[in-house]
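We just call them A, B, C and D in the order they show up, numbering each chain from 1.
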Amino acid sequence: MITLKKSPVRIGEVSVRNHLILAAGVLGTCASSLLRMLQSGAGAVVTKSIGPEPRPGHAGPCLVVLEDGILNAMGLPNPSARFSDELEKLSNEPVIVSIFGGNPDQFAEVAGWFANQAQAYELNVSCPHASGYGAQIGTNPDIVKACTEAVKSQGKPVWVKLTPNVTDITAIGQAAEDGGADALVAINTVKAMRISTPLKRPVLGNKFGGLSGKAIFPVAVRCVYELYDACSIPIVGCGGVSSAEDVIEMMMAGAQGVEIGSALYSNPDLFQNICRDLYSEEGYHWKEIVGCAHA
Amino acid sequence: MITLKKSPVRIGEVSVRNHLILAAGVLGTCASSLLRMLQSGAGAVVTKSIGPEPRPGHAGPCLVVLEDGILNAMGLPNPSARFSDELEKLSNEPVIVSIFGGNPDQFAEVAGWFANQAQAYELNVSCPHASGYGAQIGTNPDIVKACTEAVKSQGKPVWVKLTPNVTDITAIGQAAEDGGADALVAINTVKAMRISTPLKRPVLGNKFGGLSGKAIFPVAVRCVYELYDACSIPIVGCGGVSSAEDVIEMMMAGAQGVEIGSALYSNPDLFQNICRDLYSEEGYHWKEIVGCAHA
Amino acid sequence: MPDGLPTVVTIRCVVEESPTVSTIFFDTVFSSKPGQFVMVWVPGIDEIPMALSYPDAITVQRVGDATTHLASMKPGDKLGIRGPFGNGFSISGKTLAIAGGVGAAPLLRVALEFPDVDFLIGARNEDELLFFRILRERCSVRVATDDGSAGFHGFVAGLLKEMPVEKYDTIVVCGPEQMMRSVLKELEFQNSVHNAQFSLHRYMKCGIGLCGSCCFDPDGACVCRDGPVFSGEYLLQSELGKYHRNASGIKEF
Amino acid sequence: MPDGLPTVVTIRCVVEESPTVSTIFFDTVFSSKPGQFVMVWVPGIDEIPMALSYPDAITVQRVGDATTHLASMKPGDKLGIRGPFGNGFSISGKTLAIAGGVGAAPLLRVALEFPDVDFLIGARNEDELLFFRILRERCSVRVATDDGSAGFHGFVAGLLKEMPVEKYDTIVVCGPEQMMRSVLKELEFQNSVHNAQFSLHRYMKCGIGLCGSCCFDPDGACVCRDGPVFSGEYLLQSELGKYHRNASGIKEF
């Protein structure tokens, strides 16, 4: 297997400890669980997406495990401004705060709460199941650009997380780049649904949800590959990564690092395990790998 | 399990023998293989997509089997007008001819070749990996409407097969409906890629391909559900169907029938097996099931 | 069902245990350990965590929307069940079960499935005592009520003060947060924390250790996956009885 | 590799078998039956079907782009391999192998892996005879060349005319379409079709029975999945030697 030499990594203006980052919304609501992921080997963590108001999230079921993926519609539950209390405990850790809002002002407002705590912001313009937020904004390049600019003006690195549920993800990626984004994160979940046939109704409380996990890995690789050709800022790959091989594949598609979420279900020690497989003395320098499948 | 009562079925102005239809492009280039699928229990068959010129298809690899799906970029290989020789052997069989073109005129021209042989046309405005065709057309509602009108003017039922690789599949569904479509088929493959890490290059000859099979079933169910709410013509569900339960789930989402492709890889006798599980004397009338998850 | 969609069960019967608590029996037995829980989908309402009080039943206290709907369901009605999830109790030797209120639900099976169990039940009043008649047939039961309408007048932790706690190999506890905190304190005082296991309640959405809504300080354990049963020793330094997080993730004290 | 992506193999050595044919050995052994094939990915060019002439090798005749690239590859170069696919030969008892040209590739293993095999090889001329030296060590070999430069002067089917074909329990055949048609005819004439198996070539894209490019009349069998080996009896009523379909699916006669 192809391995990487361990070396200091900077992705999208953020210093991370290795190429593996905890994805937004997974074990990301408490300082303690974020810290646990860092201790178990994550190179950085992205928090649960934080918005302008506290939200309890959608009625359940919020998540079902499928054979080859996870379907969820959490509904962006979040403590809003109060989250800064949690982050107090994480100063000096590589914490990227995921934020969402309904317009550029809300994005800027939310970002402002974490000015002293975030190493960077990740803009969630891609959640496929929260009306007025997420993908409802992230499918419009002009709004994506404006939200990026609004947060970027606060002087911190801004990563923009994209939805695959668009006709052309590169148009959105370019809009984020135009708005001053320091990195693109691809992808959020793929809009999906399952129905409980015995109950004759969609299985999620919100009916529609987002598919993550292994099932979407080939979609995520495709999006990263397309963005690498179309944009010139760093890309962070996300979607179905569950092994060191997957990390290498994402990097060859053009990602400088990856985010991992669903695969922690099958293996809570995944960060540690992937680190063990991914890094070796004889490994490649990451720059030799990133984007090499475009040759 | 929920079963259906066997009864004559008409979907989108086509009389089919049961609710299970062979999907386009799978074992669909020869009269003999189409007949074999009918004999093994398919209620109708859709042919390989036929276009204005013969095409050999993309360089290989054209298809790889993944853990939970199939990734392909065949590149629309097809014998063009010569296909009508094959269809000679299938008169009176429930054969839907899949066609593609680069514009409404080409669609009409290709359809014309099969005027005496097709029970209906299925318009492929959704293949994600053939430049100038398929999804490159099918993401524009105006073109979809115009292509539908052009073929519809020939006086046969027209089904329009949609791509999930759009921001809003209902806009395309409505355009097809406005153009006079008799049914919508949802979905074609999801645009995707895998990379061979040891070879450092995309594994498909065409680099990009389409994901089918189990991995996309939740995406297909979602699209059918959305279209059922937005459109009023019948819907045929397609994508990852591999069991009688899946058929029921698609129907509850709003499909009147399903098309099946990739699952024939694991089980070439699938049509027969699903028929056995799906139909029973005590079953529901299909009208009680179609769309019932919208209550 | 293929894959992990909820298993749909049909309600066989509903037994009123007390004015606010009912046991709902399904047509399906879930192979599980006492202390494991399931996510119960009340169609159209919500999905909530519930201990399996029997391998084929849950015992529900009406506290809000979903539990009230659940309690009003009738034989023939359907529910969706995900799970069983969580670790469950590890039981060996002479066992003491300490239940407060509907916390008796996961503990009932300890008495029914293990040989050498003594039981303490606490409740607000005599009417709210759960499973008393069933338990009495199986093991020695002592009772505490807040209002003194039955048994010891006071909290169940009070009962412990007069008991030879050190003779138990295993002590299992489930009840309201403050009750568990008092029991933990008392066991610590009596030097028996190392034998104790507590089944915790936290707000849960996914049940499988992904969403983070049930995470528990100080170490970010997932109550749904790493718990809901934790050792007394682990809990001494924890948030137990001090605060928890609500559905939004906001701390409530 | 996880899942069904091509297995990447490194070329160990390339052996020239004739002016137009080379055997390419990999660093990987594929557990397979004689007659099974693999899809060989020549990076940047195409992917083509090839019999495994050894469990770790293919024997390639240069006829076009991909085969020419293949033949020019060097030790250390890499290929992607999907498969093995298809059914392979079923061999029992006294066996006659009849090869025409590069059709010797899937048959070589029959001689190497089974005990009681007689071999007929046909080729355009002496230089194009494949595997002659290896086969001669293992079994009785008879040769036919179109130009008479070695062995029988004429087609391999001609050799059959003078042979006691009925004494063989199994007859396996691979070669150009017209050669297989003549052999089939001759075996029919000699009443031995029921013992015969033929390995077919058809245009293949997926190799797994989905895309339909290799479908075979009259019954739509997939040569890649239901074949490539078919019984002589099955082939009597087939398109063999009459027509096949090209990459576009157009019949060529």
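Please note the rule applied: a contact is a pair of C-beta atoms (placed from the backbone, for glycine too) under 8 Å apart; a residue touches a chain by one contact, two chains touch by 3 or more.
The structure presented is a predicted model; accordingly, all values stated were derived computationally and were not measured.
K.L.:
By label order, what chains touch subunit B and subunit C together?
P.N.:
For subunit B paired with subunit C, the chains in contact with each are A, in label order.
K.L.:
Please identify the chain with the largest separation between its CA centroid and the CA centroid of subunit C.
P.N.:
It is D.
K.L.:
Just the number, please: Cα centre separation of subunit A and subunit D in whole Å.
P.N.:
Computed from C-alpha means, the inter-chain centre distance equals 51 Å.
K.L.:
Suppose each chain is reduced to the average of its Cα coordinates; what separation in Å results between subunit A and subunit C?
P.N.:
A distance of 36 Å separates the two centres.
K.L.:
What whole-Å value do you get for the distance between subunit C and subunit D if each is reduced to the mean of its CA atoms?
P.N.:
68
K.L.:
Name the residues of subunit C that each touch 2 or more other chains.
P.N.:
Only 1-2 qualify.
K.L.:
Hey, what residues on subunit A touch two or more of the other chains?
P.N.:
In subunit A, the residues touching two or more other chains are 66-67, 194, 197-198, 201, 245.
K.L.:
Along subunit C, where are the residues that touch subunit A in the complex?
P.N.:
Subunit C residues touching subunit A: 1-6, 8, 39, 41, 43-48, 78, 80, 82, 205-213, 215-222, 225, 245-251.
K.L.:
Going by the contact rule at the top, pick out the subunit B residues touching subunit A in the complex.
P.N.:
Touch list, subunit B to subunit A: 1-2, 66-69, 71, 139, 165-167, 190-195, 197-198, 200-202, 207-208, 211, 214-216, 218-219, 221-222, 225, 245, 248-249, 252-253, 292-293, 295.
K.L.:
Using the touch definition from the top, list the residues of subunit A that touch subunit C in their complex.
P.N.:
Interface residues on subunit A, with respect to subunit C: 25-37, 48, 54-57, 59-67, 70, 72, 74, 77-80, 82-83, 85, 194, 196-199, 201, 203, 205, 261-262, 264-265, 268.
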